[in-house]
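By letter and in written order, the chains are A, B, C, D, E and F; residue numbering begins at 1 in each of them.
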């Protein structure tokens, strides 16, 4: 039985400068490039929680509402929200900053899940997560619902059995 | 009013060889790198449907079940499933192939959405999509449900109003 | 004796978007970058025919007549034309497309040759190629002449002995 | 009328270290990657001769006889051999070196041609080349034959009219 | 007269995963790659202090004592130490972590200087820096000595005039 | 006892074209990218002197006085100045050239040091260097002073003991 770890122990901050090859013909950061950075940042967070090699298991719906421009600074903060046996859910938030213009905006948030594996790539147990702050506790609690949604979307759970998720759609 | 276009007109095939820098310490393709390739492939498909510059609006849940190895050939096929005013949903399937070993497997499928924009980055109308085959018709029909799920997850629709989506969770 | 394979079994389609780092100061795709992409696309085709690791043996004369612009979509289609013991000739065609402008043009065609090798890098036999369509039959027939030209240019065949090639330059 | 320039004024030396992403699964440099480097080195040489922006017009047959390994040092030397109005032929030689092993070998040689262009991409006249050494004079003389071969291969010259080239295939 | 800013306002954390192309044949991070990352991280810090575009003016002596391995996580923390008219000195510390092995070590520290420039690349005034903590005050005080060393090394100050620096080498 | 080698035996010339991803928002080459190229060029020089794998030990103060623009050609020349047991100091000079404009300028010079290592990464003896030209002899002689400065800056030598260095700051 592994000793549980605190959420803050898995915190990672990653910073990237948007370079020409990261942009489309409107000089905006391409969505896929950001998904790539987010995956690396979230993976390091899951590594920190598990002290293991980790592989990406899934990324939840990510939406891109604001264009991020060439030369902007992208800051990502990732933290594990909950562990389930060998898998971990990581919450990641993204900000973009045009420093000379003094503008900073929240642009994305997403949940990635990772599986910890041994040197042969076989899943291996990870420590439980201890949530401390209110935000951590909320993320911990809602992780179950997101997990059900993932299983339903992957065809591995019957929507009828997704009790946490179903509650969202039901009337009084 | 733009002339509707067939789904097959937006078909795109993209092929990539997994190189060392695309892999983690287990020599497996990193999830984020694949998300990046899928975004480019799907964006080209949306460009073909709209004949416009397009920007990524969202990616739906993607899961990664099978490791893709260094040296493998990754093939992606993308096709628009449905258009909504200025936005388009693109369905993308991914296969990985170890050619010397004669192994080919389906590894991922995902839905990306894009918005067509003019030179100033403002949304602009796109043609409707005409589904022909059974698969295209299924994808066209289910696009509404996926759209509701995206809106609910983005906090822009009340779950109670997501009629298509709700039906999934209700018992008779 | 390996079972012959059809030309269509080696077909590969590869798609690339021209990004800033692929271009020169006129915002045109650099020739060497295209040669690099074509090599990867043609190599995958040769892999498919041989189910082996392959190494580039040569590229024939390639000319670049039309500029390909930043943001264009480059599509390559490759197919094996003929096999000779352990080597294969691959024909590759390239198109560039400015999708928002609705312009698509044929830009290049080339022949690459590859040698199939085992894990120690030693040449190994590949299946013969069966040409079916008229174009495939033409490419199969003319492969001998191109092979002689390659040998002459590499100083490994006397021009006088290049009977197929000589015929081109002789008057009746 | 532009003042002619000497061949040595266009000499360029370029050195690259073979990194993991440049190699195939046998840890050998991929042919396309080398063609890319050679194109950049040769283009700089043509720039030096013409003091103009240049675009690649063609690359002649290149063969790859020796594997170049991960960690090897690749040295390229390029020099203009002859100018024709707005185009220049560049000769480039490639060596690979395994320095710790004390092994250095000549691996490739090729001819690239470039067209000098103005800021709008239109061809513009370049200086004539003055060959001094014996090697430079040989390359200068044989440039005509190679030019005819390029034109024949591009379908822009009838083989019967390629007098320089034809001589190679004729007896007595 | 610009309003002075606190050192903490310019803090930047950057995280990178060491990928194959970042490493030499011993699978260790190449020094130059790290210098590149450090430059980007330090430049963002100088941008934050000045709210301007910045260009690198110099990097002081950097030594590399510990090998950083493939797959390691590199964390950099940068902070402005002092401003002089249009230039800023940035202190940057680097740690490398082998997370599965639970090893983390301090590997490098360096001082970069940047000049803030306007859109035409001309130097422009930046705010003064207010040091608060003891470490910030030490770095602020010693910045003068490092500045003299830079000027002496660049041949722009006579060693005899570098009073702060000279004191180091004098006996009582 | 290894046979001494001449300085010229370690000469390396490296040429790079400044591409979009190498530049900042003013279209100038980023300092860190140049430091990365210089490290590779200098490392190859140290490899040539020692016929060993080498690892970067330090880079001395580098200043960046002139902006290098997008599309410029950067030429680096490196040469070993002196060897100390298993370490070597390499002197590297950098020029930038805007060829169409006919402008060439000296932009940087720096000293890198490398340690030769065996396959297990352990330091190993290298040949002594024989300086021939006046410039080589000057660099050889002053190498001792630079070495003392490095040791003082790294906290591994007391400034009072740096006799060569101290002389610089002392009055008659």
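The working rule: a contact is a pair of C-beta atoms (placed from the backbone, for glycine too) under 8 Å apart; a residue touches a chain by one contact, two chains touch by 3 or more.
Everything numeric here is computed off the predicted structure, so don't read it as measured data.
Undergrad: Note the shortest touch-path length, in steps, from chain B to chain D.
TA: The distance in steps between these two chains is 1.
Undergrad: Can you list every chain in contact with both chain C and chain E?
TA: A, B, D, F
Undergrad: State the pair with the higher C-beta contact count; candidates are B-E and C-D.
TA: C-D
Undergrad: What is the Cα-based rotation angle between copies chain A and chain D, on a 0 to 180° scale and rounded to a multiple of 5?
TA: Angle of the fitting rotation, chain A to chain D: 180 degrees.
Undergrad: Using CA atom averages as chain centres, what separation in Å is found between chain E and chain F?
TA: From the centre of chain E to the centre of chain F is 20 Å.
Undergrad: From the C-alpha centre of chain D to that of chain E, how far is it in Å?
TA: About 43 Å, centre to centre.
Undergrad: As a quick test, compute the distance in whole Å between the mean CA positions of chain D and chain F.
TA: 31
Undergrad: If you average the CA atoms of chain B and of chain F, how many Å lie between those two points?
TA: That pair's centroid distance is 49 Å.
Undergrad: For chain E, what residues touch not just one other chain but two or more?
TA: 20-21, 24-25, 40, 43, 53 - these are the residues of chain E that touch more than one other chain.
Undergrad: By the document's touch rule, what are all the touching chain pairs in this structure?
TA: Between chains, contact exists in these pairs: A-B, A-C, A-E, A-F, B-C, B-D, B-E, C-D, C-F, D-E, D-F, E-F.
Undergrad: Within their complex, state which residues of chain D touch chain E.
TA: Per the stated touch rule, the residues are 19-21, 70-71.
Undergrad: So in the complex, the part of chain D that touches chain F is made up of which residues?
TA: Spelled out, the residues of chain D in touch with chain F are 12-15, 17, 40-41, 43-44, 47-48, 51-53, 73, 99-100, 102.
Undergrad: Of all residues in chain B, which touch chain A in the complex?
TA: 24-26, 28, 30-33, 35-40, 43, 53, 55-64, 67, 112, 117, 119, 121, 149-150, 152-154, 159-160, 162, 165-166, 168-171
Undergrad: Along chain F, where are the residues that touch chain A in the complex?
TA: Touch residues, chain F against chain A: 20-21, 23-25.
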